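In what follows, chain A forms one complex with chain B and a second complex with chain C.
Let's turn to the complex of A and B:
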């Protein structure tokens, strides 16, 4: 017999309570690991975005306000030698949805000539680029909508716009991108949209945003200032920001979901710490005499402290594993692909999220155990035995 | 007179509660020879358990000296006392205080976890201790599968498994019926006569007291009466 065996047996003392406490750990930890994965996905996207050196230029008032098509030439004019910027790509929100479905896709019409340069991370092959340039109805889609609607390359699909004048356009899917950082999109050519708008006498030649592919971080900073200075005090005053700031603003317009997720995760941790602390305190109170006997027969106070701490950590770890491992396994084999939030179209539990969750569980276990363990360590054997007599 | 296993000199113990001093033992002098079975009697609050705790190193005197074997307990730190207890004293409590999720053998083995000892040696010691108390065939039973008397026997086996010189029993038969009590007391007699253990037992029961060789009557913290009597022949009786 070892002390570890005694600890394990102690957890069997009140099986129902151990099971309930483990579940009280498992369920919040499942939520926690999902929330952390969601936030981690944002962080990964932000890190990927940073590498792309892209600036977004949109109307200062709001993203829904259009900017004139000609702004692209003005921006390009700031760097005629192309020493700071590589390309400028105008984009217009289409807000298309598959007929008979409720949710609009992140569908954007992009300048055909510069799109492959500005979105180089989509890894368009020369053949893809040639096809994109040749076919006015060409569409490049991410894995999210492709998996959701079971689309294949070469398929002809129809999207109905959810914004006036509610066009219904058909597209040829020329590429399904497997870029993990950019999964939830549907890009097509802006000239196709503008021509279609002209056919119904709607206003054309406008953009919601211009994306600028820069050549360095320094170039990003200087262009950001120059563009906003150039448009200052005009009807088309702009706000230029890097992609991360743009994504953050965009998602926060829907509510600070990542922030809320983090708060939720913190609340979850706090609640399970209370639950575990309460359980450990009850367990300690029930065993006061027994612990007094342990001390009477020669167990040193620090050893009694470590027994309670070890029990608490063991319980926290078991509960957390019950929550984290099934969640991670489930999401590994069945990622949530129907999910739509900003650039994210799927949630997978990252190994980092698992490590963070288990580390936090360990800390919660330590936190929950520290007070009862301290009480046990300080317990005066004589007082505890006298309470019995 | 044999060698003194336990010697108390002018021992005072005062508890403080809400700034009020409660004297429990008042200048107690006591000498107990090695290998004797001493019974402590007296009304509640007379200081019996306190005396037992002082001799067992569970508490320190307010003043005076407590010597057990070669150790002056009043000079020892908490840590030293804990280590000393694990090697030199065995405790038996009224309510047994066995760990409910461990078997009889595992409960007995518990104090041995503090010793550097092979698993085989531990098993052997546990088997011997349980055979002394007549429970070799109940090794794998958990406390809830044992009777009160059997639980107390397991507690006694736990107290003797480290082979201590002194056994301190605080009302060991207080929760048992007369017949079972007799068995437990006979077992204590056996440990005293056959294994030479020095035993101090607190009891309220005069019949139980008859098993000792000496009875100390405490009242209001002072030794009121010290009676020597012939040991019962019970040690020879069956421990079952």
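Let's turn to the complex of A and C:
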């Protein structure tokens, strides 16, 4: 009679309870793995952004104020030898929407020459870059809008701007990027936008934000300070911040969903700990006599302790697998894509989240087993046999 | 005669640990539930109060919100031809309010200014107070000639630097000092998250020659539809919406997040059902003999079934009370203030999560249901205990 056999028998003895516990464990675990995946995605994006060493320069008052086009030359002038910055890319908000749809895409007009350098993570091939430089109407699109509107490379699309003077422009999609960080974006050339604006006599070349690709973290810090100092006391005072600080403004403004998910995950851990603990207490209480018999026939206290612990851990593992595996599989095949939150276009379960979930479940199993197992260990054989019988 | 109440009460007390653990499970679920419902409710009520059916909001066609709309003065003047507009008694001036909205970044009070929110600054004229009928100026309003503004009560509470007497810097280059001279309320509506000042002064400060939008008050009894058609039509070519339409459009993105959190809460409630069922099953199993005794002395199966249900409901309600208290404590310590972007306004809507009696009632109701569902099968089993076998066996 092996220990595994005993464990299996114990779990099988009260099948109803095992099933109920497993389900009560699995459901919150499914919530947990989704919530953690979501948070993990934000962490991963933040790390990736940090690695890109980009600084954003926008108007101090608000992002919707424009900065003069010429600021790019001034920023480049801070480092003529190019020892600290690689390139500066000016961007202007277009806020285009597909005609007859309500929501504006994150569509930005970017400086054609420096865009491929500043957004090197988009993995533009030399051919892509050549096409982008040659075709004035070129557009580079993330997976999000491409999936929503079923766009293909080479397709011609029309977007209507939601900002004055509400231009309607057509674009040629030259690349659909699967880069996770840029999934909800629509980039096109700023010279195309500025020329089209000139045709309707709208005011001249301006940007909402300049993104600067830096060469080191030190360079980033020094440039950040220098740019804001350079523009101080001019009508166009700037605020320079790194990409994560910039994104954080939006995350906060959108109700701090990652924070909410973290709290949710913590509550779930609390719940599963209680559920598992409850079951182990019940099953210990009902088996006091049996455990006493075990001890009477010569099982050592540590052995009895480990039997209970093993049962608790096993139950937790089964419960968590039941919660995590179906959720992960479901999201793998049917990712939730209608959810466009900041940089995130789809919720997928990341391997990291699975590992974290299973580890948490294991810990919860250990924790839930400790008290009953400790009591079993300290059980006074004679008393227990007498009391229950 | 039903089983005495104290019998069930004591049964819960006897199994202290199990009862306690279950109460905590329910409490955790209810706590999250209350917070989420409070969040959704606060958001909803703030948007719902912004629905004066006589008020229209006019934007440039093509614009999706006031923030990205720009109306020229000549376009604005065309609105004067609409006959259904309410007129000021005496002068007969139409109640159309030209408005300009811009944003200013102000620190959030809730995180001591670590992050900043985009707060809407609205330039208005005297007409605005007549058109937006739910606005109440608390204290003094801005004087047209002076660099003065008034702050909405939600904005004043959640964003830094908006105390009466303080000065904020507005204008395109944030270089014009404006003094806060008063507050205003808007019956809890979204306008409470804004700062209001005198339109010509603010337009000058922001180098703007165009209005963002116009709000108009229709005569009592006038239908909104024909006016909207007239404004959208060839004679005026602007875009009009009722106030309710406008705000429900702005809150669209927020609803998706709410739906997702609802799903998560539903899953956790299901887990609570299973957990309660588990406990009740074990409770029934442990008391088989006792139940047989009760049957022997004349209690019916139905009475025993209701008894067990009652026990579970009692347990859940205890958990619910703890959950509500927990949620209230969380709101009191961590904070109840939240703000959220509209879909396209680019300005923050500030609101406060309140644990209203309605939410508490809803939580208690749902939880009683959860307890009853969880206990249904165990109680059914208890009611069907075979008296003779049970007495002999145990």
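By definition in this document, the second predicted complex is superposed on the first by the 353 of 389 C-alpha atoms of A that agree within 3 Å, B and C clash if a C-alpha of one lies under 4 Å from a C-alpha of the other, contacts with A are read in each partner's own complex, and residues count from 1 in each chain.
As a working rule, a residue touches a chain if its C-beta (ideal position, glycine included) is under 8 Å from a C-beta of that chain, and two chains touch if they have at least 3 such contacts.
Because the structure is a prediction, the values reported are computed rather than measured.
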Which superposed partner A:102 touches (first chain B, second chain C, both, neither): second
Partner chain in contact with A:200 - chain B first, chain C second, else both or neither: neither
Partner chain in contact with A:130 - chain B first, chain C second, else both or neither: neither
Touching partner for A:60 - first (chain B), second (chain C), both, neither: second
Chain B versus chain C as contact partner of A:382, first or second or both or neither: first
More chain A residues in contact [chain B versus chain C]: C
Partner chain in contact with A:2 - chain B first, chain C second, else both or neither: first
Overlapping contact positions on chain A, where the chain C interface meets the chain B interface: none
Residue ranges of chain A in contact with chain C within the complex: 16-17, 20-21, 23-25, 27-28, 30-31, 34-35, 60-62, 64-65, 95, 97, 102-104, 160-164, 166, 234-237, 248-250, 252-257, 260, 264, 267-268, 270-271, 274-275, 277-279, 281-282, 286, 338-339, 341
Chain B residues within the chain A interface of the complex: 49, 53, 56, 58-59, 78-79, 82-83, 85-87, 91, 93-95, 97, 99-102, 106, 109-111, 113-114, 122, 158, 170-171
List of chain C residues in touch with chain A within their complex: 17-18, 21-22, 24-25, 28-29, 31-32, 60-64, 67-70, 102-105, 108, 111, 115-118, 171-175, 210, 249, 252-254, 256-257, 260-261, 264, 267-268, 270-272, 274-275, 277-279, 281-282, 285-286, 338-341, 343-344, 346, 348
Residues of chain A defined as touching chain B within the complex: 1-3, 6, 9-10, 12-13, 289-290, 292-301, 381-382, 385-386, 388-389
